[in-house]
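Structure record follows, encoded as structure tokens.
Naming follows writing order (A, B, C, D, E, F, G and H), and every chain is counted from residue 1.
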């Protein structure tokens, strides 16, 4: 059951642990090039369009820095 | 393996719990009529000759008030 | 009036309940009371002892050191009882169990055959109540005139059937003290 | 001579090892030393701070409150460093990370590009040693003339291969301070 | 149209936590608060946060909270729950807190069948105090107080304690499960364990505990991703995941699988 | 000619004990001292006697002794044994001492595999303090602090803890057995358990413990013979006798029988 | 007047607590206070109140912490070694400003010591045996009546000041029976609200409550301790209690609390019979200690004889009180008489010690110099048994 | 002269212990002393000495009890809340006359409080936070050198007097690094024999040894405590230590121990620079406390300003010392300046407080009346982190 989805990442909340990146099945995420104001290099979306709203990234994020949106009508079975 | 035996009971050490009496297979022991100086009614031998030196009385005596003797040559199979 | 009593006997002889009944009756007679049982670590055996004071005014130290009266229920406790007796104290001994005579000569000794009196009534366990009767009589500290009513609130209902025998015991003790 | 230094920076910037190296070198130069790192409960992040004193006589309070010299390694620690700076203090800032200017005007400021100098030598982690060199030069508190030998006993043998770079860093710092 | 399907729980205070990057406490906080939200219990939940890195938890849980002495969380939770019988009481503990100094307290709370839920965060180390050996530290794992690694031999440092299996021997325990936050799948399973436990608590069943394997990258001296890998490779074999004991009314058949295997643990 | 085949052990001081008539402590003292005699260890044995009725034990054991704080006997024994590695160290504990206040200490000594032997006297009650509920008190058994009997239900008094079964889940334990002094046969079996444990200790194997069901006629408000009967009828079914765990080098096959059964104890 | 009932001190403490509205008791058995938990078990369980026999004293005090945090009138009781184990918990309760009642029925120490009455825990009770800067109210009942009354009041004081209140008794007070008129039971609904307690947040809509003693920001922690000490000052001003008897007439004032004050009272009566006037000063609150009262006596040049069942602990507070008087220590000398180990001083010994002071035969007490007049009188409290 | 090495206070304590022949260490982690067990683990395990991370502080102190009973030089260390948990064990050690060394690297309380340096456990350390009448030696190092030296000596003192010796440090002393010259290591074979210890009875043929603190016979227990207090008296006479600096010249003497004495020393130097003479009195032994020295100063009419990282604890001992002087408290007033909660007083604040005293601007310290001059200076020890 995969949907079309989108994630938002709170750059300032993110501590750059990168656990979301490894857990994304569709390689939506990667580490950003610029640090946030804490000095951490946060995760960012590099392939937003591939997101299937599976919530894996959200599940493992220790800092609840990610919000996952399901795009309605975006079901692609 | 029963032997001929004999028990000695230290009247003053005995606290009259009577546990030895119930554990003697040959009813050698009974409670004495006179209390010891602590006020306890100690166990005493009423049928010394029936003793088979099994050590049951000794085994259960909480006050180690009993000594069991095996009488040599007293084996009676 | 202040009556300081020291009670001693073999554990299990009802020293504690004697002391409690004594002060309970005293309280019902409007007196101030205090009762301190020396508590030990051994569960059975050993000497049971209690400091017991009844008074018509506030009681200072609850500890009896120079007793006005001493109750000795067993042979074991004679020495300890004598040591606590004050000058001219009254020493009540359970003559059934205490055969030896006190060493002190400056005190008055009353010998009460508590056990045999109690057995006569039908229960050796109420020897302590015999002694209590004797103590009241000999010291005059308690009147015990309402003791029947007092026992009704002292004993839990489940034990009320024993009250008559206890009353008999108290009475026997009083008589024995009068006659001794 | 007593040089009271306050060191501050972002956790992980080597504030602690800078302080330790500083007092170790001072001790080897025959000075009395004391070093107190403020310890917190957070494991990562937060500002790392230390009170560091070297002196040619016994040191009383190990706490630096009116610092002679202040080392500020990150922008976070500028305010805290300024607050501790004594009158006419010397403020050494890591100009690569601290872009803001100090608010106080009564103190002398030396801007040392620790990170870029360290990176030039090949390891940004030795930015702290650059700063230490600058501190020695600017305060004159330490001679650092035997620093090569000192590093040999300061670093465990497993880290001896890093000594040359550390020496270069110290030297770069001294030069930067002279030139600043 | 978009819907936020995975979002910050209402019962979790929107603060940057003081935990290190990659620390498991954060995920676990989220799971707890999500369930509190789902059960509608925010206004009648009390979290007891221990002495350990999760000493900060009361900053993050949007509920009433009580912070007791190190290891005594189950005792304090007993006091709280006995007074507030209709509240959700969550006792949050680390492995030092629960399995070392607080051993007596957890065992007796469990044996009494206290009706609160313990969330036991097993990161095989003392996080807050900087990496000392915990009762759950693995054999050979290094710690500041086991510089050459935990050695049950000559040094007599003992073996990793399997808390769920030990508590399973107590009749007061109704639900004991072990989850992990290493992967999305295990995070989701762990959430189900916690939810079962909370629901059982609100039904008034006996003692419930969910142990959660959780990374401490800082004191394991690993990067977060290495830490997660190490959990899977090294910790899970010693601390098998699953429901160790389930005697819940709604769950039908009792499971006590994990225990027999562990009894012979001495041979592993 | 006569020979005294059963006589007062040399290591037992010939004193009238302060224990009540029919108290199990006396038999257990005798067993321990007999084995010390048999192993020739009187001059190199140290008994740690707990706070409990056996506080008197140091009067009776003809060996050096150490008397620690209530429940901390295993901790103190750890200190003693780590210093005197070649000595026989016997840690004597009651059920209040071991299974209540000293829970953490026994579990961790066991888990560390401390090389002393614990003699655990389970009389299902606090003897010395006058009959309060112990962790091993049976359901329904009366105690001054459970005047209507132990009630694991509303009163939340918990269940009798099976110490051996709980300790069996710890890898540091090598030998755990449960005996009883109700009958001559069980007294003899118990002696064998203790002897195995002492021998294992002297060989330097890990943690050994012998639990012994023991009557407390005084606080059970029974005559000694009634007390012994009650032990057999009421206690043994809850605390099954036998070797609960035996991983000793000399005993070949490991037994861990008791444990699996207990894990599902919740249903009993 | 309500009827007098006969009770042990331990039972009167328990009943006083129940009538004050104690709904949560947590304890661990220990002589000589075991009647207290037994009484609680008997009377709380049928009423569906919380009675828990904890696994240890440490657990018990932390259960109290939880129950108090949840707003219950909570209590624990123990005796000396058990109270030592509660020290961390007491420090936490004080640090988190939680009200509760803690009973110590003292026995003789140090270590396992004995089980007979003693007063060796005065320092621990009044100086905080736990870590950090804190105090809490300490009440010392002298008889069974006060066991009931002071315990009853203790719950109110605890709630009023948000702190633990300790009842410091001893084995004699606990085991003794006397007549007592019990206070009427509190209506639970009438008890003060506790807006700081946890629970029912949703219903009330208040912000979340966090019961905690941690504060890692030094300025904030310092402020919270300073604020607490402001409260201590208010307590010292309003709650200090003591009883003086005959102190005006006498040159020498006996000072004692609890059992010792009873014995001292007996000695005072004996003295009177001999024509000697002695005073008796009894602090009822050991914290706050009635320093000002002592200072006033000292200013009048009174002599003091402290009577304790210890090697001399309260005597330090008397010395500190004298130090506040403006007169030198020599002008108001403080003497000490102590028995311990389970020995209870008796009236005669105390009278003898008082006569020694009056006759100039004894030296004042010197802290740290151990110049003590310790009796070696007859032992009545002995538990020696036959055969040993 | 042996080489100076750079060490943390915690490490110096550990190394001092090892050199003194400590062969058994038992501890439980707690900030700010965790380097101490880590150092012990690192150096004891390879040498096959006994290092055990105990399951708790309670277990640790009881392991010490066992190891000390078996004759080892044994040690434990902790910080404030952990030391509270050891109180029962310490009372037992004192009651059983067992030597050992106990380290308290104090942090701020009460309760969980903070982890920053404090001196709030003075009462606990010097008055026996545990139950019953007992004392033990308390040594207060002021620098890393003394951490090593006093710990080294502590083991000798413990064995000599058969009692625990406490090292009372604080988070600053423990975490601070300074140069230190380490004492030469003791030869284990040279340590004093312990004929009272358990073990090897068979070989020696001596009677059985029973290490115990119980005595249920009051007369006997009383005697044993009295005998122990005779020993205390001898200790008070022979082991009391303090350092006075410039006290003759000055009217006002700063009194402080450990960290506070360092800060006071700094203030003294600042004062001198301004032409003001201040004295500094530093007790090195907190028990026995140098009362006689204080009394002597008081007799000369000196004023005192106690500096502590607490709400005022040692100040009570200074007051007691003044009370022994024969002059009234007004003639030798005792003032107090304290910071706490992890705040460390600084030289300037102390100097300012001293000037206030000299100028008559501040009132003397009143026990129980909380008339304290508490600064509210800048906070340097804060652990506030960004974002919160």
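The working rule: a residue touches a chain if its C-beta (ideal position, glycine included) is under 8 Å from a C-beta of that chain, and two chains touch if they have at least 3 such contacts.
Fair warning: this is a prediction, and the values are worked out from it, not measured in the lab.
Chemist: Name, by label, each chain that touches both members of the pair chain E and chain F.
Modeler: Of all the chains present, those in contact with both chain E and chain F are G, H.
Chemist: Going only through chains that touch each other, what is the minimum step count from chain D to chain H?
Modeler: 1
Chemist: Sort the chain pairs by how many C-beta pairs are in contact and tell me the top one.
Modeler: If you count contacting C-beta pairs, the leading pair is G-H.
Chemist: If we define chain centres by averaging CA atoms, which chain lands farthest from chain E? Would you check?
Modeler: Result for the farthest chain: C.
Chemist: If you average the Cα atoms of chain C and of chain E to get two centres, how far apart are those centres in Å?
Modeler: That gives a centre separation of 62 Å.
Chemist: Can you compute the centre-to-centre distance for chain D and chain E, using the mean CA position of each chain? Integer Å is fine.
Modeler: Here the centre of chain E sits 42 Å away from the centre of chain D.
Chemist: Centroid of chain G to centroid of chain H, CA atoms only: how many Å?
Modeler: From the centre of chain G to the centre of chain H is 27 Å.
Chemist: How big is the gap, in whole Å, between where the Cα atoms of chain B centre and where those of chain C centre?
Modeler: The answer is 40 Å.
Chemist: List, in ascending order, every residue of chain D touching at least 2 other chains.
Modeler: Residues 40-42, 45 of chain D touch two or more partner chains.
Chemist: Counting only residues that touch at least two other chains, what does the list for chain B look like?
Modeler: In chain B, the residues touching two or more other chains are 38.
Chemist: Which residues of chain H are in contact with two or more other chains?
Modeler: 31, 52, 55-56, 58, 81, 88, 92, 96, 111-112, 115-116, 212-214, 216, 381, 383, 385-386
Chemist: Which part of chain G faces chain H closely enough to touch in the complex?
Modeler: Touch residues, chain G against chain H: 58, 80-81, 83-85, 87-88, 91-96, 106, 108-116, 118, 120-121, 123-124, 127-134, 212-226, 229-230, 232-233, 236, 288-289, 291, 310-311, 313, 316, 319-320, 322-331, 339-343, 366-370, 372, 374, 376, 379, 381-384.
Chemist: Quick check on the complex: what are the chain D residues that touch chain H?
Modeler: Answer in residue numbers: 19-20, 23-24, 27, 32-42, 45-47, 49, 59-63, 65-66, 76, 83-84.
Chemist: Where on chain F is chain E touching in the complex?
Modeler: Chain F residues touching chain E: 82, 100-104, 107-108, 111-114, 135, 152, 156-159, 161-162, 165-166, 168-174, 245, 247, 254, 256, 259-260, 262-268.
Chemist: For chain G, which residues count as touching chain E in their complex?
Modeler: Residues in contact with chain E: 23-24, 26, 50, 52, 54-56, 58-60, 62-72, 74, 88-89, 92, 96, 198-203, 208-214.
Chemist: For the complex, give me every residue of chain H touching chain E.
Modeler: Within the complex, chain H contacts chain E at residues 28-31, 34, 37-38, 41-42, 45, 48, 51-53, 55-57, 81, 111-112, 385, 387-388.
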